[in-house]
Structures are given as C-alpha cells and as structure tokens.
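Shared between the two complexes below is chain A, which has chain B as its partner in the first and chain C in the second.
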Partner chain A sequence: MPESTSEQLTIAMIEQRLLDFLVERTKIEWEVGQDLFESGVLSSLFAMELVVFVEKAFDVSIEREDLALANFRTVRAMTDLVLRLGKAADA
Partner chain B sequence: MANEPTLVKCLIWDLDNTLWQGTLAERDKVALSDAVRKVILGLDERGILQSVSSRNDFDNAWSRLEELGVAEYFVVPRIGWTPKSAMVKEIADELSFALGTIAFIDDMPAERADVSYHHPEVRCYEAERAADLLELPEFTPTVMTVDGRRRRQMYQAAAHRQTARSEFAGPDEDFLRTLGMILRIVRATEEEITRVEELTLRTSQMNATGVHYSDETLRSLLADGAHEVLVVTLDDKFGAYGAVGVLLIEKFEHAWNVKLLATSCRVVFSGAGTILLRWLTDSAANAGVHLVADFRRTDRNRMAEVAYGFAGFRSEDCDCATEIPPTSEPETARLHLAPTRQGPPVTMTVHAPDLRSPEAADLVWGPPASEA
Partner chain C sequence: MTIGIGAITCLLPQRRVAVFELPELSELGSREREFLETSGVRTVGVFEDGDVGSLAGRACKTLLEEYGGNPDVMIMVGPRAPDVLIGSDVCKAQAHGDVKGAFAFAVDGLGCAGSSAAWALARDLLIADPSRESVLITFASLPTGEFRIRYPVTVIGDGAYAMTVVRGGRPVLRAHRQETDGAFHDLFYVDYKSGPMPEWREECRSRDRYSFELAMHSRVRLSALVDGVLKDAGITKAEVSATLMQNVTESAFRFYEQTLELPIHRFCRAHLADAGHLGAMDVVLNLQRVVSMGGVSRGDFVLVLNNSPVAAWIVTLWEI
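For the complex of A and B:
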C-alpha cells in the first residue's frame, strides 16, 4: 500500500461523491460497477457534465488521451482515473 | 399599395418606464398596465415576436417579468450593460431578421438616438405610443406568412418543451423518450445552404473543426461526388427545431474525412449530437471505411472533444489516413476511429441517406416499432 495522508481521498470517498452526483443528475440510483452508458442514450451534454464534474470535484485535469468512454463507463472506472491523475499531479 | 409599410417581425421593448411603470434598480414596485399587457398579447397573437433590451441585472429583471406573467412572450432577451444599439443588433442577428423588420420602443430619447444612429433601418417608438401599437399598419399583418408563424411556433415549442422537462420527475432518458424525436439527415440542396452557413457561424460549442466553411465553399461542394454536405433537422411532438446540424465529409477509398460537424446548442440536451456521431460511425462501419475527423481545439468546443473521445476517436496513426491530403488549417488534429456497427438509438428515430451511394434508398434507424 502506498503511503497515504489524511488529506488523501479514499476510494470510498471518491465513489460516494460520484454516486451522489449521478443520482442528483440522472434521478437514478447507480451501483459502482454499473455501466452508465449501456443504453447509449446518455447525451454528449451528460458526458460533458461528467467530465467537468470529475475535474472540479477532484481537482484533476483530463486530457484528450483520457477522454475515453472506458474511463467513465462506471463509477469504479472514474475512481481509478481520479486516483491515477491525482497521483500523477502529486509526483 | 405602394406605400404599405414593411411589417415589423420583432418588437424590442425597453423595460423601465416603457414596458412597466417604475425603475427596477431603484427598488420601485414596477407595474404593468392593462393597456401594455393587451399590446403584448395582441402582438403575440399576430405572430410578431417580442424581445427585451434593458439596462438591468438579468435575473432580477427576468424574474419580475415572470412574476408579471409575461416572460414567456419574449424571445432572446438582452438584459445587461452593453449599449442598446448593440443589443438590438444582437437580437436581430440571433433571429436572422433584417434590421428593417425590427422595431424598438424606449422612453429615453438618448437610447432611441443611439439605436437610430447605428441602425437607421430600425423603427423607433416613444414609450407613450405603446398602447397604440396594435393600431399601426406596420404591426398589422394582412396575411400570416407561413415562415413567420413557423418561427413563432419554434420558439413556443421550445418554451413548452422546457416546461415539460422541468415538470418531468424521472430520468432524462425517460423524458427524451416521451418527445418522439425524429432526426432527419438529408443531402443539402442549394436552398438549404443558407441555413447551413448560419449554423456553422453560430454553433461554436459543437463545431468540432473550429473552421468556418463559407456559403460559397459549401455550395461548390454540392455537386462534388467525393463530398457529402448533410443538413440535420430535428422535430418532436412539440414542433420543429429547424436546422440543427451540418456535416461535411470527403469520401476516400479507405476513410471518410469529417471536415465539419456542427450541431446547434439548442439541441444539446436531446443527445442529437451523440446520435449523429453514432449514425456516422454505423454508416462508416457498414461501408467498410474508417473515420478521420478534423479537430481544432477552441476555447468553446470542449464538448465536441468529449463527444469524439467518448465515441472512440483517438489521436492515432492509421494507414487509412495516408490518402487524405494534409489540412491547410493550422493546429488541426486528426482523430481516428476504426468503426463498428452501432445499435439503433432508443430515444429518437433517425431518417438518413445511405452514404454508400447517391441512388440508394434512405434508411430509417430507431427504436423497435413497438416502443416508438
């Protein structure tokens, strides 16, 4: 396990913030492993909101190579992305 | 009659001491007279659009209009601190109305002078004449034109849609299904090119290329067999949205080069942009070609970048791109996709040409009939 400080976000905290945002925005309860885009109808507006939310809420910057559906498909995938980008910024 | 005046298509109202009595910023309890209310409703019935140009805080002024029960009658309001001459021009531009069809009413002589000086075609009226407007020939159409009526319907439909949306408690997706949206993609004709140019000028958010293609350029490509100029319209149960998107594609043997893809910000909520990209992806997969999209980042088109990214487009090299000549536009990246077939959308039905051949029959792509 890498060293963690009290300020560092835990996986559970990230997941909870994402789930809270999703339920507020979509009016549906989601599971961390559930595919958000499965039905294929979530709009580009929603995709945009998701990207902007992740950037603001976790103070990370998402560049073109990470603007991929795979990184946003589930709460778990977004959590991984946040941890990876947060680590890159700390390094 | 030779002297018949040009009809006014849009009347722009000043608020303080014109539309209402009192000055909002001075905390007056501003009131709307019955006479002015009658004029607002009367003009609306006649299909004359109305807008607002006011020096005020937007939220404050707009919520007062809502309280007075007349906010819904005003389209593209301009409430802020820019000169009224600039506001009037913006409103005319946004509505695509010539300044000669715009009227402006304001109690301040200086404001009328500013508008008259910059735009002598705009007809200006003193606030005292508000109650008489319905009597004037320029506000009295003898025949309602199809165009005018349709334009009003478009704005009214947008208002109704917005209300329905805010009252809908369920998920957005369920709301979208209730609209019965039909996305029509057609090969552009001479007639549609003007609408297309408007779109490429105005729709900056989803203009993925950030490159403006002129009327002339697009027109010259209509007859070019290698190019597809496509216009996208959207309709739903509330009415028409009009032209909402434009695509310019150059077809090569192994790839289609997407040179222009712009969708109107009016339809961003509908997911039409995503579905347009999915339709294009499916069509390319069906035709056995790759997609190469020109993309130049601007400070306003990140949504397009996200849409491309989520649709699977990447900055990557592929042999398919070797046949595409380099773009003349600076700082334009090329995003690549090896497309796969896509399932039909569940929230709207797409009517589109078969891009493989100009002779092929059109395609209908959407939810199964039982769900539609």
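For the complex of A and C:
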C-alpha cells in the first residue's frame, strides 16, 4: 500500500524502502550514496520501474521537470525528491 | 471526405549481412558487443549501390509505375546525411523518380519520427487546398558514415520507401498528435566537419541522459499522446487491434509495452531482426506489412508510435 506523505515518512524509512526495492530487483546490496547508474547495469527499463516504484510506494507524482537523472542517481537523491514532492503535495 | 493512404512501396536490399560480420566489429568494446548481442538485430540489409536521392527516387518510380498517379506535392523525409551540401536530395529523388509536376521539399530534423510528421503534413496540405489530390512521401535509409552499429541505440540497415496520402485513401488517418523538445537536440551528433567520411563516428553526449532522462520523457509524453489520440478518436486501448513503432532494439519494444500497456505487433520485432533499424522507414514498413498480412481487417484500428532521440514524439491512429 502506498504510504501517504501525511504519515510523516522519515528519511530512514524512505531510504530503507528504496534499498529493499533495489536489492530485490538487482540482487545487489546498495549504499544510500552509491551511484546507481555508474555501473551501467541499470537499463531504461529498470529506470522506468524505479520511477514507477517511487510514485506508487510514496504516493507522489513525478512531473517532467523532475525526470532528471540527478534525482534518481542515488538512494539519497531519491529520498530528497520524495520528501520535496511530498511537501509540495501537502502544501 | 476522409484522408488516408493511397499506396506504399518499400524497397529492401536482397543482400543481408549478419551483424557479427559487420566490418566495425573489431573496433567494438565489450559493452558494445554485449549491446549487439541483446539488440534484437540479427542481420541488416545492404544495398549494393545508390545514395539517398537515387534510392528514394527508385522507390517513387516503382510506386508510380505500379499504382499510377500524379502527385501534387512530394515530401522527402530528410536523410541522416545528405548526399551533397547546397544541392537538393529531394529534387534529386524527384528527378530519379520521374515525379513530374509535384512541388518537392523536405521534412527534416526529426530523426526516425520524420515519416509520421510527413504524413500528418500531407493530410494538412490536402485539407488546406481542395485542388490537391495526392501527396507523395519518400525516404531512404543509409548509415551516416561507414559504421552501422549505433551504440547504445540500434544497428542501421538500408531501405527506401515511397507512399502516397490521398483523399479517400485507406487506412484512414483518424487522429494524430505530435511533440518535440529542443532540450535534447545535441544528445547525438556526428562531427562531420573535422574529418573525412571514413572517420565519421556518431557520438552520444551522455548515455545516462539517453537511458534515463530521454526514456522517462518518452514514457510520459507517449503515454499522454496515446491517451490524447484515442480520446480524439473516441476509442479505448482495448479497441486498438495492433500497435506499431519504430524498430530500434528489443529492449525498446519491452520498454514501451510496459510503459503503455499495449503489445507491440510481432512484425516489428521480425523486421528489426531481419533488416535492422531503417530510421524513418520503420513505421511505414511495419504499417504496410501489418495492413497487408498482419491479421487486421477493415474498420480495425492500428496505433503507430514514433519517437526519436532528437527528441520528437508522434502518435497516429489509422483505421484500416
């Protein structure tokens, strides 16, 4: 079930959910600051899965201006994006 | 009065070359080889001779000899690399095709989305002037330089087509939407001024931008365009009999199938495997084959998705 931003997701909770997803899909352990795309193993298809996962898991809508690699390069960057979009939705 | 397709002629070379026999193979790194193995391309067609102007002209001549007609307008979809600078590829095609009486010009700068833009323009030209009866569209696919392998995009094959858009033609062009985004204009380029043709190499400025940002933009934009086109036509995805797109890679087919929740017709994969990527010709070849032997019948709807890393996104709905 998506977690509403009103449930006050913490940074740690968001990071853990993202890490769990990444481990499940890639079978690789990731660090929150690790560059997901540097290795070249992540395809466009996976990038789409990642975007869809972030939208559904955290109940946020990612618009064109936020579809920048910088927002998805690391778990930390995705966490910042989720928090920012969650605040915007709550405002 | 509806507007649709009068006739289509596709020319494909007799000769096929296996991708692992292409001359540039020895220069590939491990990533490029891995890409080639998973690209979905097994062979590419190679013409023995000809340039874009003469090949497009040959396609036009073949079409007009077979189906007749006297087009009022001739549109050439711009090639990856023109035969000459200053001169005119489209007027060369007009001369080689013996297309007398048509006003000829090019639609350019849209990469493999060019054909979809051209058939929409053809429709608009027919609507704009009731005295016009037929618009001829043509294109020839040849590699930009000597390399056919465009890592991380696709592998280029040779081909040429000509088609007419006419009043009362079928399939009928039911709905059409298109977008471009100038932000990606320089994602791919060939620096042709600094060296002779054998040294031309296509460069991708950022593989990350291609694999992530452009892919994600394509997901959002094509989804919206598909929804808009279906809404314009008053139908749902369930009423689409076949979905076609350009033949780039196997992973691209999977990406758009998952993104749009529409199965891409098996002919697209078959053409990719056999002929490679034919640029703006892909959607025309796919449409022609699906209409003639793809299991669709009069009244069925065929959705054509077309996009390019330039970047342009175009969706057209055809009614058989």
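Rule of thumb we're sticking to: the second predicted complex is superposed on the first by the 84 of 91 C-alpha atoms of A that agree within 3 Å, B and C clash if a C-alpha of one lies under 4 Å from a C-alpha of the other, contacts with A are read in each partner's own complex, and residues count from 1 in each chain.
Simple rule for what comes next: contacts are C-beta pairs under 8 Å (C-beta built on N, C-alpha and C of every residue); 3 or more make two chains touch, one makes a residue touch a chain.
Not measured: the values here are computed from a predicted model.
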Item to check | chain B versus chain C as contact partner of A:Glu65, first or second or both or neither | outcome: first
Next on the checklist: Touch test for A:Ala57: chain B only (first), chain C only (second), both, or neither?
Outcome noted: neither
Next on the checklist: Applying the document's definition of touch, where does A:Leu9 land relative to chain B and chain C: first, second, both, or neither?
Outcome noted: neither
Item to check | Which partner, chain B or chain C, touches more chain A residues | outcome: B
Checklist entry - Can A:Leu19 be said to touch chain B (first), chain C (second), both, or neither? => result neither
Next on the checklist: I'd like to know which partner A:Ala47 touches here: chain B for first, chain C for second, both or neither.
Outcome noted: both
Checklist entry - In the superposed arrangement, does A:Ile28 touch chain B (first), chain C (second), both or neither? => result first
Checklist outcome for this item: Dual-contact residues of chain A (chain B, chain C) 37, 40, 42-45, 47-48, 51, 64, 67-69, 72
Checklist entry - Where on chain A is chain B touching in the complex? => result 26-28, 37, 39-48, 51, 64-65, 67-69, 72
Next on the checklist: Applying the document's contact rule, which stretches of chain A touch chain C when the two form their complex?
Outcome noted: 37, 40, 42-45, 47-48, 51, 64, 67-69, 72
Item to check | Residues of chain C that touch chain A when the two form their complex | outcome: 31, 207-209, 211-213, 215-217, 219-220, 251-252, 254-255, 258-259
Item to check | In the complex, chain B residues that touch chain A | outcome: 169-173, 176, 206, 268-271, 273-274, 277-278, 302-303, 305-312, 314-315, 342-343, 345-347
